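Every chain is named by a letter (A, B, C, D, E and F) in the order it is written, and numbering of its residues begins at 1.
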Amino acid sequence: MDQTVYERGLKRLKEVDGAAGDKVIDSLADISPDLGRLVIEFGFGEIYSRPGLTLQQRELATVAALTALGTAQPQLKVHLAAALNVGLSRTEITETIIQMALYAGFPAALNGMFAAKEVFAEHDRLQQAQQQAA
Amino acid sequence: MDQTVYERGLKRLKEVDGAAGDKVIDSLADISPDLGRLVIEFGFGEIYSRPGLTLQQRELATVAALTALGTAQPQLKVHLAAALNVGLSRTEITETIIQMALYAGFPAALNGMFAAKEVFAEHDRLQQAQQQAA
Amino acid sequence: MDQTVYERGLKRLKEVDGAAGDKVIDSLADISPDLGRLVIEFGFGEIYSRPGLTLQQRELATVAALTALGTAQPQLKVHLAAALNVGLSRTEITETIIQMALYAGFPAALNGMFAAKEVFAEHDRLQQAQQQAA
Amino acid sequence: MDQTVYERGLKRLKEVDGAAGDKVIDSLADISPDLGRLVIEFGFGEIYSRPGLTLQQRELATVAALTALGTAQPQLKVHLAAALNVGLSRTEITETIIQMALYAGFPAALNGMFAAKEVFAEHDRLQQAQQQAA
Amino acid sequence: MDQTVYERGLKRLKEVDGAAGDKVIDSLADISPDLGRLVIEFGFGEIYSRPGLTLQQRELATVAALTALGTAQPQLKVHLAAALNVGLSRTEITETIIQMALYAGFPAALNGMFAAKEVFAEHDRLQQAQQQAA
Amino acid sequence: MDQTVYERGLKRLKEVDGAAGDKVIDSLADISPDLGRLVIEFGFGEIYSRPGLTLQQRELATVAALTALGTAQPQLKVHLAAALNVGLSRTEITETIIQMALYAGFPAALNGMFAAKEVFAEHDRLQQAQQQAA
């Protein structure tokens, strides 16, 4: 059954984070594969597999929280890409970040916005590369 | 025009926070009415009046951020009530709080959930009082 | 197998937190039993059931982290009691708290120490009550 | 010489915090007198005894930092009273708190302002009591 | 009138932050010009244009808060340069940073000090370049 | 006697942090030698020289706290190396980091783990270089 949670989590991780999720798990392989397993099982097999919120709502909440916390820039970038993956618009994402100025101050919002700028630019590069390859 | 921002903000504040918003502004009257004015103008006249996100999305983001930060329990309670006011379901709210365990740890999620428990109970009391009065 | 994780977690929770653990889970029953289940399964069935650290080391790490964060006083108190339960001495606990002044500042250490003062006093009261009952 | 640092610190603590400082040190006496000694020696014998900033500048910096952090309300209240003691005006204090909305968000500023409201009211009560006694 | 707030803010931003302020606003132009506008209007047209504190006091408070928070290194660097611009001495700045060890721990103070080291060195380079150009 | 605290601190710093400690103190020499002195005196001459905890317990607590805070990556790396120096095993270190997922969320644990990965790799390189030199 744990196997089921793991497999459900792995599928959900790919659905939400795409290649970025694999990269995080891979980078843990030689230092703590168990932490990678817990991300998959608890993070995606449990939390992100729960009903009650759409994936768009989940990513909106995550972008808000990680922007406000300001201590998790690598994870914020993964979830900004995930937010695009699950269908949030760039406007929904930047509005969420701007709103964090109210609750966590302007530096948090600015650092979140600069992360979004990087992630959106990377997203554009990938789409252009895919179009050229097609 | 500032007057317009102020008035738009006051209207938005009442729409979102109901009586709880008035209470915050009133409690600032004898120490710093200007901070109250800035909450109304910047918070509600500017940020919460922007297009691009629904009020439900805005409150979902705020509940996520304040739960994750863990330093703003009074404001979290105001926004848990606001989340109900703008039409988020209790499930959407509790799911958002549970998800914060992933990003800010279980104590943050637990303290957010206990705040929700208080706010939902208060909401039930108010509704019962209104029904009895009707 | 999930059932196994749950049962292992419940046993571990009682071993570590004693009655305080039950109280947290019970208080979640009418608002989010699932969050209680995740505390048991993930917190105690997974993390606190891992080999590699003694329970004394785990509670030392938790007291350090929660004192430093300063956003989780209710959970810090639960783990200060747990630290005594698993056999850390009062000196080990207060030394850990003092050390946090270095990493998170004196307010964090002071608020941690006042939490310890409360928990130790409660512990004394319980022990005296048990001795009188015996 | 440590004795000198201790005595210099004790004198500085009284000068800055007045009776509130004694109260903090006293409340540590039965749990960790050493933490009280470190507050006196390191906090006041070292840091607050350094040249380069006036006591007014030091308290302004402390009020700003503790308001922004949002995890140290008891210590913020002690330093709001200290800020008045060393001669900062109520306007200088409330302006500092309002400014924190920019850097740490409105909840931090609001919680700082409500602490100031309490401390200023207590200060008024003490002054009235002293005038009546005179 | 919003226009007035904007213009007052832009003037204040240049006065306080110099070229670094322009750079922040410019870098937002293609991702969220509105966030840049809010920094100017709310940050500088409102907060930094208020009476009650000198600009030196405002920058002292900001350096204290951003050092303590530890989540805003880019903004701390902008305000360390601003602190020099508005006339705070290097000693006043480094003393403020040292004091944060008390309230937010040594890592916060160390990271603030290393930021100051960078900003002061850059300031020296700019002054030498200006002298050579004269 | 201050001299004694300083010397005791310097000795303790070398014992715990090795060359990394010297590097931190050296890098402060031209900006704030006093902050370096306070790290030595207060950090190591006082706190790390206290009885009641072993150095292994102290480093476990520090790794836990700095991982949870997430605002002190350079200091976390110094203490991950120190943890190895004082005899904690890699498993004890990675278990402590994994546990922080519970209290401060997965991003904190992931960023702590990636810091450990770097520090362990550097440690391996140094040991290989020493073996080749021998």
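In this text, a residue touches a chain if its C-beta (ideal position, glycine included) is under 8 Å from a C-beta of that chain, and two chains touch if they have at least 3 such contacts.
In this text, all values refer to a predicted model and were calculated from it rather than measured experimentally.
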Chains in simultaneous contact with subunit C and subunit F: A, B, D, E
C-alpha-based rotation, subunit B on subunit C, 0 to 180 degrees, nearest 5: 120
Chain whose Cα centroid lies at the greatest distance from that of subunit F: B
Interface composition of copies subunit B and subunit F: same or different, split at half: same
Longest centre-to-centre distance from subunit E, chain (CA-based): C
Length of the line joining the C-alpha centres of subunit D and subunit F, rounded to whole Å: 31
Two or more partner chains touched - positions in subunit B: 34, 38, 42-43, 50, 66, 68-69, 71-72, 75, 94, 98, 100-108
Contact set on subunit F toward subunit A in their complex: 69-71, 94, 97-98, 101, 105-111, 113-114, 116-117, 120
Touching residues (chain side subunit B, partner subunit D) in the complex: 24, 27-28, 30-32, 34-35, 38-39, 43, 66, 69, 71-72, 74-75
Subunit E partner contacts - residues on subunit C that touch it in the complex: 68, 100-108
Subunit F residues within the subunit C interface of the complex: 42-43, 47, 50, 52-53, 57-58, 60-69, 72, 75, 91-92, 94-96, 98-104
Interface residues, subunit E side, partner subunit B - complex: 1-2, 5, 34, 38, 42, 46, 50
